[in-house]
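You will see two complexes here that share chain A, one where it goes with chain B and one where it goes with chain C.
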Partner chain A sequence: MKDFLQYLFDGLSSGAIYALIAVSLVIVYRGTGHLNFAQGEMAMISAFMAWWLSSNWMPIWAAVVVSMIFAFALGAITEGLIIRPIGQRSQFAVAVAAIGLLLGLNALAPFAWKVTVPQAFESLFPKKDSDFARIGGATWRYEYIGVLITLLVVATLLFLLFQKTKLGLAMRAVASNPDSAPLAGINKGRVLMVSWGLAATVGAVGGAMVASLRGNVDPSMMLAIFFSATAAAMLGGFDSLIGAVVAGLALGVIENMVAGYQPDIIGQELKGSVSLIVILVVLLFRPSGLFGTRRVERV
Partner chain B sequence: MKPIRIEQGSRAHWLLRLIGFGTIAYLALSPFFRNLKANEYGQLTDILILALAAMSLNLLVGYTGQISIGQSAFFGLGAYTTAILMHNYGWETQWTFPVAVVLCFVVGVLVGIPALRLTGIYLSLVTLALAQLFPALVRKFDALTGGSRGIQNLRYDPPSWTGLSHSTLDRSIWLYAVALSFTVIGYLVVRNLVKSRVGRSMVAVRDNTTAAAVMGVNVAVVKTVTFGISAALAGLAGSVFVLRQTQANPDNIYYTILGAIIFLVIMVIGGTASLLGPIVGAVVYYRVDDFTRSLPNKDWLPGAAKDFLRDRPNLATVVFSALLILLMFVAPFGIVGLAKRIGRRFVVLVPRPPGGGGGQRGGFASEEFEAIPATPLETSASALPTQGGP
Partner chain C sequence: MDGSADTADVLAVEGLYAGYGPVEVLHGIDLTVGVREIVVVLGANGAGKTTTMRAVSGMIPRKGVVRFAGRDISNVSPDAIVRAGVAHVPQGRGTFMDLSVEDNLRVGAYVRNDDPSDDISRWLDVFPRLKDRRAQKAGSLSGGEQQMLAIARALMSRPRLLLCDEPSLGLAPVLVQEMFRTLAELNRDTNTAVLLVEQNANLAMAIAHRAYLLETGAIVASGDAKEMLDDDAIRKAYLGY
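Now for the complex of A and B:
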């Protein structure tokens, strides 16, 4: 029981991070129908931004907020300047451009900030050795709880945004019928830019959480997480926000359970294989995921 | 000015081809007679390895329209096959190549099977998973692969019939020769495939899978076999790469997902769905990379710029990603495609009319028939599902 709770608590925190990145993937997919391969790297760049600001000018929380604004601009500009013009040409080219963006941002961070080793990142939550709650013999660190609460806050805010505001209504309209939405007076271009910006902002929160848990920023910090997040987005159905949150948490917990109970066969090294298996199983048996809308393709 | 028209298969066409072939042969063979230094042979070997890897990807992405970002896994599988067979089992190097090729082919086909049901981004996710998993697997099975320590001291001495000694220089020359022959083999494999019935099936699958199936193309076989051959070529490139490195290590960037992306970048910059594209892309990539690395030591740069660039080794990658995105705007067909388009202003190839006795020019010998295959980057290929409700 103690082990089970421990794996559950650890899994929920890594799952919360998958969920944050998965949510941003879903926002982009709902908006423009693209998988943004650079989503993880955008989060990484934002985390570097937060690190840079906090180590020079401001307290860490303020730095994270500024990095979120930066991320919004980054996402919106990417959509407006790169994705949309290329998308008019071919979907294939968009995928290639996004993959190029992945590589470019990954190299840009060490280039711009001239770092070769991981840089210390101040924790966003209490991180002393004694900062944990003890439940059923297992320890639940406050920083893990903090990450989970952050996810819930972000998810609630997004839910309110999508359901209660005019902007959210416009975004849902564009998602459900991209051709008719402009006819109803919606500025589709602006909505798409906002979608990408919003996605990058959520990603920036995820990036800050990762940096805070790791205690440092490093250009490669999001690569494995991005991969698990895509698995989570797929499990949740690529167009469902709730699905992304639930699937992200579930994937984190499953990974930790498998790695914890099978330390020899799977262990920490092969945690990622869980995501691969999840992707394959979902694709083969339920391509629309757990919460996604089923797609009917006309030939 | 009206472009010159040259009929396919005519004497002028053969002359053009001969000139092209001669130039390439000269460029490839001249290093043997030029007394280069060992590290210069090494650089040329690196270029060939990158070209072969990009070629393998071109078969999959360019001609069959399956976006794969997992080629690094096959590259690494080939590399580790050679390394493990040499180091753990004491095999002679040359016998490890066929094993690497066959192993990668089999694994490639196995990966291709689930890929049958997948298109577009979903397929790239599965290949992404492979790329992500490969270094982890290497670390996990450290009894076999040496884990993070890797495998060191992989020497490939030239066989005695070449008359080369075991010096560093002669070993580099030999490795260049090996890489060159593998690249030529890879080129011929890709070329013959693409120009054959199989190749047209591949393009048909890329441009419209459903229509291809209706026309009698066995989509499943075409996709899986393409996957297998592509993986086999990538594995061969990896085999040579590990010998060039003389060691195998899971931290090497080319065995990770970034390596897979670099292959993709090389292929796209050179020219997607073009036979020479990967080679041109590899040369350009390697030279620009080399150039940007040497920038901080150039005399003509102002001191401030030099100071800025010092200890920032990632400039090349940043430049290449920017170039890639820019290419998507202006020339998605890549350098070779661009050259072809410019060349068409001056020389136009017209096909020989069917059934004719040769000299007679058919009535439809117009430019529409001039066959430059479109790349998936220009057409809105149906390979990727666009969003849309029922």
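Now for the complex of A and C:
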């Protein structure tokens, strides 16, 4: 029982991070129908921004907020300047451009900030050795609880945005029928820019969480996480926000359970591949994921 | 000509050219819709009826002059044209399938800044079948209900001109009659001008004030709907009796 709880607590925090990036991917996918391969690197750049601001000018929480604003601009500009013009010519080219962006941003971080080694990132949550709750013999570190609460707050805010505001209504309308949205007076271009901006903002929260748990920022910090987050988005159905949250948490827990109970066969090194096996099996039986809309083409 | 008693036209199209990529579909058509008028554009498949509608609402590139309420809108984006007061119910209805009936109506009111609740109740009263399904997703509605929803959604923006592209398509005959009756009532009660594109010429002509005949991208005849119905040649060619 103690082990089970421990794996559960550990899994929920890594799952919360998968969920945050998966939610970003879903917001972009619902808007423009693209998988943004650079989503993780956008989050990494935002985390560098937060590190840079906090080590020079401001407290860490303020730096994260400013980095979220920066991320919004980065996402919106990427959609308007790169994704849309390319997408009008070829949808396939958008995927290539996103991969290019991944590599470009990955190279940009050490270049822009002239750093070659991981840079210390101040924790966002209490991180002393004694900062944990003891539940059923297992320890639940406050910083892990903090990450989970952050995810729940972000998910709640997004739910309210999509369900209760006019902007959210416009975003749902564009996702449901992009051709018809302009006929309702919706400026589709602006909605898509906001979608990409919003996705990058949520990603920036994820990036800050990763940096806080690691205790540093590093250009490669989001690469492995991006794969698990993509798996979570697929598992959740790619067009479902709730699906992304549930699948992200589930993958985090499954990975830690498998690695914990099979330390010799799987262990920490191979636990990332558990996600890939899980989505392979799920997609074999449910191609639209657990929460995805099953598309019915009517002629 | 009743209905076109007002001197000003709400829509005036002059020398309109439009098409898709290298294919030109409309070869310079002229067309007007008076305030409070119902105007129908008749024509065979491929004549350019849908293209006309899409060109007026700015969905496709066009050349020529499109004037709405005296203002040139030929270089205005589709969403801004909706804000100006033109609502387009596209062929295939253009409903938002994943959204509830009520949310579809809210999307229709997107261009307005006031609370749309009163208008939602109003149109749900006009279309009682939608009222029973207001929380259902639009994708679960029948074809007739979706057409009603598409029209109600368009009216939520309080347009001065309603563009209706083949509203009868895919509907049972009894529903088609009901829908045309509703359109005529809306035109009378809300002073909304209607530009209608139809293959179902008989019913459309019955509610229209004026009509245009479109043939391979050009207007070949136009006039008072009743007079055109009396013209044997036109009746034979387009109404089939």
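Convention: the second predicted complex is superposed on the first by the 295 of 299 C-alpha atoms of A that agree within 3 Å, B and C clash if a C-alpha of one lies under 4 Å from a C-alpha of the other, contacts with A are read in each partner's own complex, and residues count from 1 in each chain.
To be clear about the criterion, contacts are C-beta pairs under 8 Å (C-beta built on N, C-alpha and C of every residue); 3 or more make two chains touch, one makes a residue touch a chain.
Note that this is a predicted model, so its numbers are computed, not measured.
Applying the stated contact rule after C-alpha superposition, one finds that A:86 touches chain B and leaves chain C untouched.
In the superposition on chain A, A:166 makes contact with chain C only, not with chain B.
Look at A:101: by the touch rule set out above, it reaches chain B but stays clear of chain C. After overlaying the two complexes on the shared chain, residue contacts for A:224 are found with chain B alone; chain C is out of touch. Look at A:270: by the touch rule set out above, it reaches chain B but stays clear of chain C. Of the two partner chains placed by superposition, only chain B is touched by A:35; chain C is not. The partner that reaches more residues of chain A, of the two candidates chain B and chain C, is B.
In the superposition on chain A, A:184 makes contact with chain C only, while chain B stays out of contact range. When the shared chain is aligned, chain B and chain C each come close enough to touch A:176.
Note: residues 176-177, 293 of chain A belong to the chain B contact set and to the chain C contact set alike, using the contact criterion stated above.
Those residues of chain B lying in contact with chain A across their complex are 65, 67, 69, 114, 117-118, 120-122, 124-126, 128-130, 132-133, 136-137, 139-140, 210, 256-258, 261-262, 264-265, 268, 311-312, 314-315, 317-318, 320-322, 324-325, 328-329, 332, 376-381, 383-390. Touching chain B in their complex are the following residues of chain A: 29, 32-35, 37, 82, 85-86, 89-97, 99-108, 110-111, 114, 116, 176-178, 223-224, 227, 230-231, 234, 267, 269-270, 272-273, 275-276, 279-280, 283-284, 287, 293, 295-299.
The part of chain C that touches chain A in the complex is made up of residues 57, 59, 77-79, 82-83, 87-88, 90, 94-99, 103, 106-108, 110-111, 153, 157.
For chain A in complex with chain C, the touching residues are 166, 169-170, 172-173, 175-177, 179-188, 293.
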